[in-house]
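Dropping a structure here in structure tokens format, bear with me for questions.
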Amino acid sequence: MSILVGADTRLLVQGLTGKEGTFHTLRNRAYGTEVVAGVTPGKAGQDVEGIPVFDTVADAVRETDANTSMIFVPPRFAAEAILESADAGVGLVVCITEGIPVADMALVHSFLTGRATTLIGPNCPGAISPGVANVGIIPPEVCMPGRVGFVSRSGTLVYQIVHELTQRGIGQSTCVGMGGDPVHGIGFIEALAAFEADVATDLMIMTGEIGGDDEERAADYIAKQVTKPVVAYIAGFEAPPGKRMGHAGAIVTGSKGTAAAKAEALEAAGVRVARDPSQVAELVQVALT
Amino acid sequence: MSILVGADTRLLVQGLTGKEGTFHTLRNRAYGTEVVAGVTPGKAGQDVEGIPVFDTVADAVRETDANTSMIFVPPRFAAEAILESADAGVGLVVCITEGIPVADMALVHSFLTGRATTLIGPNCPGAISPGVANVGIIPPEVCMPGRVGFVSRSGTLVYQIVHELTQRGIGQSTCVGMGGDPVHGIGFIEALAAFEADVATDLMIMTGEIGGDDEERAADYIAKQVTKPVVAYIAGFEAPPGKRMGHAGAIVTGSKGTAAAKAEALEAAGVRVARDPSQVAELVQVALT
Amino acid sequence: MDLYEHHGKELFRAHGIETPRGIVAESAEGAAEATRELGGSSVVKIQVQIGGRGKGGGVVLVDSPERAAEEAARMLGSDFMGHEVTQVLVEELLPIAHEFYTSMLLDRSTGDYLAMMTAEGGMDIEELARTRPQALRRVHVDAMLGLRAFHVRELIGTLPVGAREGAGDVLRRIYELVRERDATLVEVNPLVQLDDGSIVALDSKVTVDDNALFRHPDIEAYAEAFPIDPVQARANEQGLQYVKLEGNVGIIGNGAGLVMSTLDVVARAGARAANFLDVGGGASADQMATSLEVVLGDPSVKAVLINIFGGITRCDLVAEGVLGALERVEAGVPLVVRLDGTNAAQGRAILEAAAHPRIVSTATMLEAAERAASLANGAAA
Amino acid sequence: MDLYEHHGKELFRAHGIETPRGIVAESAEGAAEATRELGGSSVVKIQVQIGGRGKGGGVVLVDSPERAAEEAARMLGSDFMGHEVTQVLVEELLPIAHEFYTSMLLDRSTGDYLAMMTAEGGMDIEELARTRPQALRRVHVDAMLGLRAFHVRELIGTLPVGAREGAGDVLRRIYELVRERDATLVEVNPLVQLDDGSIVALDSKVTVDDNALFRHPDIEAYAEAFPIDPVQARANEQGLQYVKLEGNVGIIGNGAGLVMSTLDVVARAGARAANFLDVGGGASADQMATSLEVVLGDPSVKAVLINIFGGITRCDLVAEGVLGALERVEAGVPLVVRLDGTNAAQGRAILEAAAHPRIVSTATMLEAAERAASLANGAAA
């Protein structure tokens, strides 16, 4: 079992015919993900190693029953690509693209509110359910099937920590890189809720970063709704305070947003918080035994 | 018990200071509805018979914890008024205003999708839970408390049929006039679902009209999801076929939309369909005994 | 409001959608002159507020001004499916390479816009939708999201590659027209590609939301070209919803549902309604008087049924309105009056006190319908 | 990108928001001349990419051109909280009746825009939000819904009645600016009403989304006025995220999370990072070489830690990049290299085979941090 991506994933790829799109799609397919379609305007009728290409997501969905979309289109077109998939009723959209203007994402956020599409990303490595399906760019070699769920804002920290879990023989149910953009889709809370409900997940890991208040809100949620053990890691204790955004920014986030405040909030919610990435695997092992 | 409006209704009225707004609001209050606020831009600080007036819905909600809004503003401002209440988090909006441009309602429809605001109307008489609360213009004299739920597209048919129910001593849990505009809020399905879940409702009545396919979809829903008895009446068997909307309209609705087709669909779903309004009360009496 | 084809095309041109050159004529000579201007041949099309003109002989190709005059003479003043013809549109003939179909309309069952397009413009579209739905592209457009590039790509997908860009452009302009002019329907059948590659709307069917006409005085003014029905005009002036029907029982009621229902009940009582007339909510004495004038002005009416259920409307005022009207209008036929709801007792008392010889007061809707039907049938017999 | 006040005001004026007359000066004489032009008195304000200038002596009222020159001389070339001052803005003094505060920003926790306004412009806004939140109106604006009349009415609710219409107009213009120019923050503190009733933005703080600069070449060009840091410029050119810090361990890693984490681990190992440098995903040999040049160019660096976890990035290419860089750049300090993930074994083998005297290869991140810290501290001792 797993969350978000799995045996019933039928993947279409927006931007399949681009260099990165082709490379990662073929890697995902080689891993066992069912890749059913690509979408590139103007290239309908072509194929990429046997994967048929369509002009629109609606066409691709109608012809192939795709239920998941992975997006590799350039930043200036990526928000539109998310809207296209949502409008076509695709259930899960994984947007890998980095550098999307945040105003475009604010429109996406508004449109997705209350609609039946879940978004992962943008600027994220995607999600992998080891041994079953990989949608995105997480290197599957570092993963192994198992019962730990993992959600992270950072991509490379996913690779790093999953690698260490695997080295200790601790497998994963699903690893999700939610991306660190200011306005993004699925967050810690949605991922934790899914793991909490997933019978094949025994424990979850979340790794956060300075900025925003996603981790603080996750801590609240864990305190109230999560019964499975949670291990966390927060990066950025030593990060510079960053550019001051005027008074308004401080009013929005209050004293929240620092790594220390986040770690504290999580610990107060009963989460074991690692002090460096390598400690995560240790804490998981302790929690599982 | 009841649906939509009841003892916990805290009503604010957009357009309270207008002639109609004042008249019906005071009638609603006299009936026992808790009216907590009015909203008229530029009239903050005034009051109408002790009901405080605010400039914005957000203000009114903040100061009075209003949870329901009734709208009496002129058609060209009414959609904006609905958006204002939805944006301020008001849970139920009852829009009485008639003649709102349908394009304005299409925007409202989009914004409300997936948001936590229920809309009744526009161009509707509102909802009454006899003996408890009245939000709208249904004359409460014709109602009596009881266990029949009623939802109707037509206003005057509500009055007519409720009157006959009451004359036979059959009381109502809640009567809802959903309005007959092309794009509207709550429909038969939402009302029937609420009545189905309401422990104080034993039977529901729905009265429809020619046009659209709300009744056909309700019939599908009843067949699949409703266990309580349903009595229906459809008006418009003798109505002229109306202006031809070009081929496109016919493609949208197919053969649906006639009173006969609607009555047939409902009967096929096990609904008792009255042949004239007065027969409704008879059928209800039979069903209840 | 359903627009004439030539008014719809005026809107098309204002939004950059190409149409054939056309001239409106109100006389046979005018049609001949127009055809001469267009080079000696043309297509002559009756202008009415309904579709289906092609099948009904309302669209004719002519190869000379004389033929144009003949056809226009036949058309003008005739009745086309209940619509009086006062104008014809005379248009140039164009070299057509392909015929397509497109439409955009407000979809009441989904609360958004539905856009459709197919490469098979010559076909019967309803038939096509039934038999080969894959040939007809249908796209729902959320009002806040608007028509997006991906919607357009989807819609043009069945068209020949060389026509797609131009057709996509037309779609964007139609959507703009729909949103900016409050159209609830725009249908172009056929939309054609000419030999030179350009995309032209050969026909137009445009419906504009009556509730939004206050925003579009220019469109409202199109109604001046419609043939005038004085009874209808009188009713509209007073804000009454009036539709002429085929029976002999005049109907006046408040609320569309109740009036429709009254029609049904009268039919079940063995008669047919002569009209649909909804006085609306909060009917005043004045509106009631005008309603009576309108209904009594119809010579086929043999009895009138006034069916009022008082909500906002107060029955005492209705009773006074009826009596007041009878001082201004002579009632040659019996009036069956049924008052119920707000202040019904007072209303009935007022009627009883007046003891007007033509007024029959009844307590229930069914009884009222039966009395009115039997009075009308008795009169007819 | 955080704009200078005078650039922000240029955007304000382009969107119809009034600002005081102002002249940018880059010399004491320029400031004097500007003050003369403005009538002999002015306010002189340093231009830097951060706020808090008022408290730091960065804003001074002067009553003569000579005083303006003095203040400008003091300001120009100075360091204001780590920012070099190269420009001052000289503005006219205005007769102020009321001071307000307003701002609009993209709120990452709700994914929409947050607009705020209060009549109390002189106050410390963070303090006000804490102590008397009812005095600060806060309104969330959904991006598809846009700023509506009711939002504006809510926001201006605490202002004097005579200022509301004008302030509402400013709010609409700010929203337009935010949406059309991809601003993620616009703050006006104070927004003032003059004695004549007009509403004027006395200050501007504008941040524009870096990801959207491709849509706004005019705004991107504002960066030309910023003081140039050659190291930073070099890094930016290669698409590297580089931030100078205070320690002595140079850091190179891939992915913001991993680099931040590396900073933390080095700190726990007893040293401090000299910089943050993220080579990004799919780092090429070329980027690796530039990264090393950038980091080694910092004289405070006593050891370098290269921490790569290969995902898209291939460790063999990283190893080759490091060796290639060392042919171009002389490394006067030790380089601790930790390679893991995609092709890590090959990468480590390449380094081993090269046996470069400065390179220390380690297997884990913790070990790498400890080695780098002790090497840097040893060198420092």
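Order of writing sets the chain letters: A, B, C and D. Residues in each chain are counted from 1.
One rule holds for everything that comes next: a contact is a pair of C-beta atoms (placed from the backbone, for glycine too) under 8 Å apart; a residue touches a chain by one contact, two chains touch by 3 or more.
Because the structure is predicted, anything quoted here is derived from the model rather than measured.
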Farthest CA centroid from chain C: chain D
For the pair chain A and chain C, the C-alpha centroid-to-centroid distance in angstrom is 53
Distance in whole angstrom between the CA centres of chain A and chain B is 42
So, in whole Å, the Cα centroid of chain C is separated from that of chain D by 61
Expected list for chain D, residues touching two or more other chains, is 142, 144-145
Listed in rising order, chain B residues that touch 2 or more other chains are 110-111
Contact graph of the chains (line, ring, star, complete, other): complete
Residue set of chain C touching chain D in the complex reads 144-145
The answer for chain B against chain A in the complex is residues 113-115
As the complex stands, chain B meets chain C at residues 75-76, 98-107, 109-111, 125, 137-139, 141-142, 152-157, 159-160, 163, 180, 182-183, 207, 209-214, 217, 233, 235-240, 243-253, 259, 275-278
Chain D residues touching chain B in their complex are 139, 142, 144-145, 148-151, 153-154, 157
Chain A residues touching chain C in their complex are 41, 44, 55-59, 80, 83-84, 87, 110-111
